[in-house]
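Each of the next two complexes has chain A plus one other chain: chain B in the first, chain C in the second.
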Partner chain A sequence: MTLARHQKRGLIGAALLSLILIAIGVLAAWFGSRYQLRLVYGAYVNLLVVLGLQVFMGNARVTNLSHSAFMGIGAYAAAICVTPAATKAISLPDAPWGLAAFTLDPLTSAIIAIVITAAIAALVGLFIVRMTAIGATIASLAVLVIIHSIFLFRTDIFKGNQAFFGIPQVFSLTSIVVLSVVVVLIARGFRESHWGIQLRASADDETGAAAMGVNVVRLRLVAWVLSGIILALAGIAYAYYLGTISARPFYFNHVFLTLAMLILGGMRTVTGAVLGTFLISFGLEVVRWLETGPVVAGVDLPEALGLSGVVLGLVIVLTMTLRPQGVMGDREIEDIILRR
Partner chain B sequence: MLDIRNLKVLYGPIEAVHGISLRVEEGQCVTLLGPNGAGKSSTISAICGVAKATGDITFLGQDLLGTEIEDRVRAGISVSPEGRRIFSNLSVEANLQLGAGIRTDRDGIEADIDHWFTTFPILGERRTQSAGTLSGGEQQMLAIARALMAKPKILLLDEPSLGLAPRIVGQIFDMIEQLKSEGMTILLVEQNARQALRISDYAYLLNTGTIQAEGTTATLGQNDELMAKLTGLG
Partner chain C sequence: MDYAIQQMVNALSFGAEYALLALGLAIVFSVMGLVNFAHGDVIAVGGYTMVAFAAIVTANPWIVILGAIVAAALTSVLLERVAFRPVRYADPTTGLLTAFGVSIVLQNLFLLFVSPRPIAVTSLYFMDVPIEMFGVQVSSLQLLESVTTVLVIVGLTLFLNRSVWGLAMRAASLDFEMVRLMGIRANRVFALAFLISGLLAGLACIFIMARRGSVDPHLGFNPVLKAFVACVVGGFGSLPGAVLGGFLLGAVEVGMLVLLPQEYGGMKDAFVFGIIALILVWRPNGILSPAVEKGDKL
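Up next, the complex of A and B:
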């Protein structure tokens, strides 16, 4: 397959982003402590989530608030498949449909998790993509609540707020760096594909795009399901590293965090998604340090619990006020580096 | 080539066009003239499938009513819509690619894009920039070029001179005249009667959803009273 000119540019951009992602991973592996490695791994998981969010939100320009729930579906589905039956016999003694009775290898489990997440995303998407932008956003919030409630109260399958433990640690920092490079290529490939351009056009002017034969509903559904698949990957990567999951991380705080990342960086570009994720991931570490009330330049700062929530909120308010298109706007990384 | 009979265009319960009939022959430039609210744009919307309509729309022997917009683009109908409707957040190049949505000959698409960049160097210079940064006249050229990217058999132009400075209007009409001389069939909607009649073969005058007058531009041009009214000198 030959690539069109703008797709070649996109490939250059994706390659540049990949180099940055690999460089950050290598630096972390060389200099990071065990604790810092976990933080960096977490940032890469969030990067996958933000990229998944960008694929739908950035191209269709419809705000989605259910993404963390789809990450949760991927994480739980993989966890249930991959956790050894012996462990599940203890942790999920009342599991229905023989869920506690089998053990699958990590790859098969991941594939099953992706298929399940994609199927649920497709089902939900059938409703979401037909709504107006505001309707879709509100409905997506409802979807988040529904899925979270199921995670919380079907304790026989998901263990709710208790830890679902015993997931073998399959992933390392290397695996998630490789995965993030692959997902950057997918997100960029979709953005520059014929479908991606048509979807962005319909976000610009739905009637105008329709007059040119663009089928908005079909394209939104494609983006929604692709977004769901990437979110499933994020959930799998999360479960395969931590070894323990619970319902709480797949709820509103995480929705808000990843939304702030995408909004700050700029939802319209993949570069914006990457930039926003790393700005906020590293910025939040500074804020968390400030929360403890450290001594800075001889001044003993007071303890400031909850500062991170305030800062995240301010990031969204200030970005929406001062630069609603985010730091990157419509520019991808290669638009800054290459001429024309 | 395009044969419309007893066309009624409906917006919910409101009928904007009350059963008009018109024809466009291959290679012709036909103009729909008339004031605001006459039903010109509604007629265009019905032909490309954006507005609901009843009656007969036959294009190259194919009945279009009830077919999808995409099928009409495939059949060879392409529109430069009223108000240009450029995708302002997309690059100039992406706008042109959108016009080629039904085509699969990637090399041909690239060659055609290059053709437009040579024809309008300003578009080439702004290739990767947002189309929203273009001036009104440049956006109109882009809208026409985008419509032509579909390799249409008929080009529908809805008010291409709207809101443009007189000098730019002249350039746009020169472009349309050039297309016509290359054999393109054109259905033009205009309020700028003088310029439109200069380049068309046949014209219909619409008012309040009905056809008030029609004829070759030569015949209409001899009707002084009508011309005075149309050109705003009466």
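Up next, the complex of A and C:
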């Protein structure tokens, strides 16, 4: 297979990003305390989510608000498969269809979770991709609400807002760094593939692209399902590390957190997704510390619940006002380092 | 038979509320192409104004109501000035995300400066008394709501068709540059659209508060989600579409409440949105969507 020039550059860019991701992981593993390691792991999970979001939003340029729900589907599907039957007999005594009666190994569970999430994404995608941009966004919001209400309602399977516990901890920081490198390659590969280019062209000029023979609806569906698969990976990584999940983290707060990350970095590029994730992940820790009302330079600051939300909202508003394309705009990392 | 009529009255009053909310979104969208996520938070501002008025100024419900409507209208105009003016000519996605951000900021400001817990507002209880009409029990609130929505629709229709500014707003939704060339000030058209939207939010706020009796930071989320769905079904940007979508949503929702067995009550929204999704498969752009020539939008 021969690669076009922009594809070779894409490979260089993905390699550079991978180096940065590995470097952050290594630094965290050397210097971080146990608590900080958890934070860094969380940042990598969010990175997977943001990359999944970028694959659809960045290429088709249709805002998606349902991504956290798909992450939830992946997490729950994997959790239900991998949790030992003995634990499930206690935690899910009323589970239907014999869901509490079997135990699978982590890899099989992950594959099943990915297949289930992809199938649901494909089904939902059939509706979403045919709508115009605004309609698709509102519909994705409705999808988020539907899936969340199913999580809450079927307490016999998902335990709702209570903790679903007993998931074996199979992932470590190393595994998620490796996973994020793979996903960066996939996201960048899709962006530079002929599908990615056609989809981006259709986002610039839908009629023009369609006139050139681009099947816009089918390409959007491809991107949507690929995005769903990456989101499932994020959910699996989340469940396999924490060991406990509940419906709450897969709802609104997480949607706008990850959306702010993608918007700040710039949704059009994979580099933007990586940059935005780490900027907000680490920036938010500072804000959270301020939220608890610390003593800074002798001044006792008041407790300020909601400050992190205000900051996130302001990040979105200011980015949209001052630099709608995000920090990176249309530039990938190699465009800054290499000559054009 | 009585039961059927009862449920039809319920469907109409639900539909009236959704139509009222959806109109507030549609009027801004038709002029500016902005999906105003912050509409629900404008409603919440109205709710908190009620709390403040009832606690500080007077318990007289009419003054409290007036205060809420004025506060909602002012907030809406202020948001246009501060947040939405810079993205006025940007593409719809940019506007949508800006509004999303504004909504998050407002919600967290309530959290930060007021309270994360619900605050009770008791001065509107008098609006909700059961009355009997033609042998059917209805709540005065349902009646008030339906009448208000009808009045709003009539008023808006007259305004948009009979006044210069109404004409300017309708023209602005088709070709904004041309309206400016005719000597109409752009800023005023936008401010007017947001003013009307804010007034509608204030009206909706009264009914929502009278029904719930309390206000919390996320007060506006559920009503506005319904209004969004109503707009999408009716066709985003079409005012008749918003009304149609609102009443359709009300009918589907009451239908679900009647048909679904009790233990599936928690799944009501999932079923409602599922049915709405099926309508969108039939008409992906909504039922009454204005025709758009995609090739012209450059």
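We take it that the second predicted complex is superposed on the first by the 340 of 340 C-alpha atoms of A that agree within 3 Å, B and C clash if a C-alpha of one lies under 4 Å from a C-alpha of the other, contacts with A are read in each partner's own complex, and residues count from 1 in each chain.
Rule of thumb we're sticking to: a residue touches a chain if its C-beta (ideal position, glycine included) is under 8 Å from a C-beta of that chain, and two chains touch if they have at least 3 such contacts.
From a predicted model like this one, the values you see are computed outputs, not experimental measurements.
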Thinking of the overlay built on chain A, is A:Leu312 touched by chain B (first), by chain C (second), by both, or by neither? second
First (chain B), second (chain C), both or neither touched by A:Thr63: second
On chain A, which partner touches more residues: chain B or chain C? C
For A:Thr207 in the superposed arrangement: first (chain B), second (chain C), both or neither? both
If we overlay the two complexes on their shared chain A, which of chain B and chain C does A:Leu259 touch? Say first, second, both or neither. second
Between chain B (first) and chain C (second), which does A:Leu141 come into contact with in this model arrangement: first, second, both, or neither? second
Considering only the touch criterion stated at the top, classify A:Ala304 as touching first (chain B), second (chain C), both, or neither. second
Between chain B (first) and chain C (second), which, if any, makes contact with A:Asp105: first, second, both or neither? neither
Residues on chain A touched by both chain B and chain C 207
Which part of chain A faces chain B closely enough to touch in the complex? 2, 4-6, 9, 194, 197-198, 200-201, 203-205, 207-215, 268, 330, 335, 340
Contacting residues of chain B [partner chain A, same complex]: 45, 48, 50, 68-70, 72-74, 79, 81, 85, 87-91, 93-95, 97-99, 101-102, 106-107, 109-110, 125, 127-128, 130, 146, 150
With touch defined as at the start, can you tell me which chain C residues reach chain A in the complex? 35, 83, 86-87, 90, 92-94, 96-98, 100-112, 116, 225, 228-229, 231-232, 236, 264, 266-267, 269-270, 273-274, 276-277, 280-281, 284-286, 294-295
Chain A to chain C touching residues, read off their complex: 61-63, 127, 130-135, 137-139, 141-143, 145-146, 149-150, 152-153, 206-207, 256, 259-260, 263, 304-310, 312-317, 320-321, 324
